[in-house]
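After this come two complexes, each holding chain A, first together with chain B and then together with chain C.
Coming up: the complex of A and B.
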C-alpha cells in the first residue's frame, strides 16, 4: 500500500523517466524513458480503498503499453528504412512514429482512454496525468514535427473533440479531461514554430491547471453541481474559482489569453488562417462549459443548501492565492517583462 | 451609475466588490477608447466582458440572468475571437498596428474583412445578431444596463469607425448588405417595440433600432455618415441610459417592469412625468436634442448613398415616433394601477441622475460644430 515515501520515490522515477526520454540521443533511449514513466505511474494510481482506481490503472496500462510497443515497432521500421536510429526526415516515418506518441499523450483522435482513466483517479494523480505525463510524448513529437495535412487534422480534431466532448459532462474530472484535450490541440499547433512557444504554452497551461485542481482538491469535489456548495460569505473561494477557471478558458484580462494569442500569431505567420479561425471558434465552445462551472461563484446571491461543503477562508492554502494572483495579473506582468530590453 | 445603485449600499450586498467592478470596468473602457494601437484596443475590447458578466450575473434580479450572461459571452466572443485573427492578419500584412498610420487598405482577402467587421457588428447590435441585447439589458441591474447601453455598445461603433478606414476597398462592394439588413431590421424592431409590455425590454429594443441607423451611417463610408453616427452614438448613450434610469425608478416603486402595471404615473409622481416626456422626446429626435442632429445628418448621408433608402427611413422615423408617444401616454396618462398601495415621491438623487442625462442631450446641440465635425 503506497504511503508518502513510496509516492515520493515513484514521483522521482516518473520525472527521471521523462527526463531520460526527452534528452536521449536515440529512439531506444526515448522508449526506455517512456517505459520508466509508465511503470512508475501505475503504482501511484493504485489505492487500496477505492475500486475505481484499479480499473483506471488497468486501462492506462493496456493503452500505454500497447502504444509503447507500437512505438518500438515503428522505430524498428524506420531504422530499417533509413538505417539509423535517430530522427529521420522522411514524412511517412515521422507520421508513423508520431501516432503512438499521440496515443500516449491522449491527443484526439486517440483520446478515448483519457476520460475513463481520469474518472477513477484522485485529484493529485489527475493533475500528474494531465500535465507531466503529456510532456514526454509531446516533446518527442516536437522533435520531428512538420507542417502537413496530418498535423492540421490532428489539431482540428483535438480542438473540436475537446470543445464538443466536454459539453455534456457533469463530472469535473471529465470536464478537465476534455479541456486538456483542447489545450493539447493548441499545443500541437504551437509546436510548428519551434520549441519555445510550445514549452511556454505547456508551462502556463500546467500552472493554470494546477490552480484549478488545487482549489477543487481542498473541497474534494467531483461534480459540477457540487461547485455550488461553497458558502455565500466565502467570497474569496468564489473569486478564486471564477478567475482561475476563466483564465484557463482564455479570456483576455487573464493570463490564459497570452498563450492563445502567441499561438494565433504564429499560425498566421505560417499561413494557417482557416485552422486558426476554427481553433478560435472552438475555444468559444469550451468557454460554455467553463462558465457552467463558475455559475455559483458568479451569481452572488443564491439559495444555499443546508448540507454545505464548507471551506473556511482561513484554511485556503497560500499557494492557491499566489497562483491565482499570477493568473490574474500575469498578462500585464509578462508584457512588462518582455518589454524590459 | 453609482447614484442609481444606492440600494446596494443599503442592503450591503457585496457593495465594495460592486464598486470595484464598476471602477475596473471604467478603467478598461477608458483604456480602450484611448488606445492608439489596434491590438491594445482589442485587448480592452475583450477585457470589458468579464466585469460586465460579473455585474449582470452578480447583481441582477431574476434567475434568467444566467441565460443572459451566457448569451452575452458566447455571442460576443464568437464574433470577436475571429477579430483577433484579423488583427494579427493586419499586422502580418502591413507590419504595424498603430491607428494613425493604418490609412491605406492593406488586406487582400474578403475573409479578413468579414472577421473584422462582424465582431463590431455583433457588439453594436446589427439586427440579426442582436438577440443578446434585450436579454442582457433586461436581466442586468440598473447600473449594468446603463453602462451597457451608454458605453459598451459605442465600443462597437467606435471600432467600426476605426476599422472602416483601411477596409475601404471591400466595403465599397459589400457594405450594401449590412445597410439593407440594418434598415429593414430597424423598421421591424420598431414594430416590435409597439407591442412590448416589458418596459426595460422596450428600451433595449429601441436601442437596437437607433443603433441600426448608426450602423447604416458608418457603412456608407461618407464623411457625413461618420460624423452623424458619432453624434447619434453620444446622443443614444445619454438617452437610453436616462430611459433605463427612469424605468428603474418606476421598478423600485412598483416592483414590476410591466407596462400594464406602471400606468397613470402622472397621478402618482408628477415630477417624474416631465422627465419621461423630455427623454422620450429626445428618443424620437424632437428638435432641440442631439438625437435630431444625428438623425438629420445620417438621413442625409444615407439618401445620398441611395435614394431607395427613403422608403425605409420614412417608415423608421414614423414608427419610432409612434411607439415613443404610445409608451409615454400609456405610462403617464390615464388612471393608475389599483394595486399600488404606496409610492414614494421623487428623491433628489434620482432627480439629479435624470437631469444629468438630459442636460447634455439638449445642450450639446448648441455646440454642434464642436461635437460633430471632429473627424
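Coming up: the complex of A and C.
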C-alpha cells in the first residue's frame, strides 16, 4: 500500500522509463526504459492489498517480463545476423522485433492478458494502463514500421477483436479495455499512413479516456446495470457520461471523430480502401456497445431502485465539466480555428 | 552459424517452460531466470565483437536481478493472499 510520496516517486520513475525508452539511440536503451517502466508500475498496482490486485500484478509482470526478454533476444540475434550475413531477410526481422512490442502494448492477437489485468485494478491504474503504458511500446513500433501484410493483419484483427469482444461484456472496465484495443488498431494504421499522426490520435484518445474514467470514478460505477440505475433527477451526470462516451466512440460532432477522420483521409490517399472500410464498420460495432452502456439510463421510465444513495447534483467536479466540454466542442472549435484565417 | 542455433535453442527452451503453464508459479520465475541467463551468454558473445565493451553486461545484470526480485515479491504476495502458488488457483479475473 504505497503512500503519497511513494506514489510520486513511482510515477516519476514510470514516466522517466517511458521517456528513456522513446528517446534512446539503441535498442538496449529502449529495453532499459521498458524495464524501468515495468518495475515502477508493479508496485503502483498494489494500491489495495487484496486478491484482485495481486493476481492482476502477477499477470502483468509475467507477460511484460517475458515480452521484454524476448525483445532483447530478438534485438541481439537480428544485430548479429545483420553483421554476419550479407543478404538477411528484413521482413521477418521486423516482424520478430514487433511481436514482443505488440505483446507489451496489448494489441489484438496478443491481447489476452489485457482484460484480466484491467479487471483487477482501480480506475486510476486502469487509466495509466490504457494510456501511459501503451505509449512506449507504440512509439517503439512506430520507429520501425512499414506497410506490409503483417501489420495490416494486426490492424484488422485488433479492430475486429476490439469491436466484437466488447459486445457481451457487463463490466465497464472490460468495455473500456476492448475499446482501447480497437483504438490501438486505429493508431497502428495512423502509424502506417502518416508521420506523426498517431501521436495526435493517441493524445486525443488519452484525453477522452481521461474524461470517461474520471466521470466513472467519481460516480463509482463499475458495471453496466449500475449506469442504468443512476438517479433520475441527476440529468447532468447522464448527459456527461453519454456525450463523452459517444465522443470516445467517434460520432461526428464530437472531438473523437477528428482523429478517425484524419486516419480515414490518409488511408484513402494511400489506397488502403479495404482496411479502412473494415475499420469503419467495426467502429460502428463499438458504437453499439457504447450506446448500450448509456442508453437505458436515458429512458423516461427506467428503473430506479429504492436503495439508491442519492448523489448531490451540484457536487459534479469542475474538471469533469471542463473535460467533457472540450470533448463536445473540440472538433467544432478546431475547425473554426483552421478556417479562420 | 552454430552459435546461432545454440543460442536459439538455449533461449527457446526457457521460453517453452515459461509458457507451458506448469503447476507452480516458482517454475515460471525460474524459467524467466533461465531466459535471462541465456540472454547474458548471448550478450557476452555479442559484445565480444564490440572491442570487449562489457559495461552493458553490468547494467543488464542489475536490471534482470531487479526483475527477478520483483517476481519473487509478487510470489510472496501471491502466497500471502491465496495460501499457495498453484496456477490453478488464479482464475479470479478470467474474462
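Descriptive notes on the structure:
Here is the rule we use: the second predicted complex is superposed on the first by the 320 of 341 C-alpha atoms of A that agree within 3 Å, B and C clash if a C-alpha of one lies under 4 Å from a C-alpha of the other, contacts with A are read in each partner's own complex, and residues count from 1 in each chain.
The criterion applied here is as follows: contacts are C-beta pairs under 8 Å (C-beta built on N, C-alpha and C of every residue); 3 or more make two chains touch, one makes a residue touch a chain.
Everything numeric in this text was worked out from a predicted model, so none of it was measured.
Superposition of the two structures on chain A shows chain C fitting alongside chain B with no clash. More residues of chain A are in touch with C than with the other of chain B and chain C. Look at A:70: by the touch rule set out above, it reaches chain C but stays clear of chain B.
Of the two partner chains placed by superposition, only chain C is touched by A:115; chain B is not. When the two complexes are overlaid on their common chain A, residue A:299 makes contact with chain B while staying clear of chain C.
Working from the superposition on chain A, the chain A vertex angle toward chain B and chain C, CA centres, sits at 150° in steps of 10. By the document's definition of touching, of the two partners only chain B reaches A:281; chain C does not. Contact with chain B, but none with chain C, is seen for A:268 once the two complexes are overlaid on the shared chain. By the document's definition of touching, of the two partners only chain B reaches A:291; chain C does not. After superposing the two complexes on their shared chain, the closest approach between C-alpha atoms of chain B and chain C is 26 Å.
Taken together, the two structures place no residue of chain A in contact with chain B in one case and with chain C in the other. Taken in their complex, chain C has these residues touching chain A: 1, 4, 7-8, 11, 15, 18-19, 25, 28, 32, 35-36, 38-39, 42-43, 45-46, 49, 56, 59-60, 63, 66-67, 70-71, 74, 77-78, 81-82, 90, 92-95. Chain A meets chain B in the complex at residues 235, 246, 251-254, 257, 261, 264-265, 268-269, 273, 276-277, 280-281, 283-284, 287-288, 291, 295, 298-301. For chain B in complex with chain A, the touching residues are 13-14, 17, 28, 43, 46-47, 49-50, 53-54, 57-59, 65-66, 69-70, 73-74, 77-78, 81-82, 84-85, 88-89, 91-92, 111, 115. Those residues of chain A whose C-beta lies close enough to touch chain C in the complex are 28, 32, 35, 38-39, 42, 46, 49-52, 54-59, 61-62, 65-66, 69-70, 72-73, 76-77, 79-81, 83-84, 115-117, 119-120, 174.
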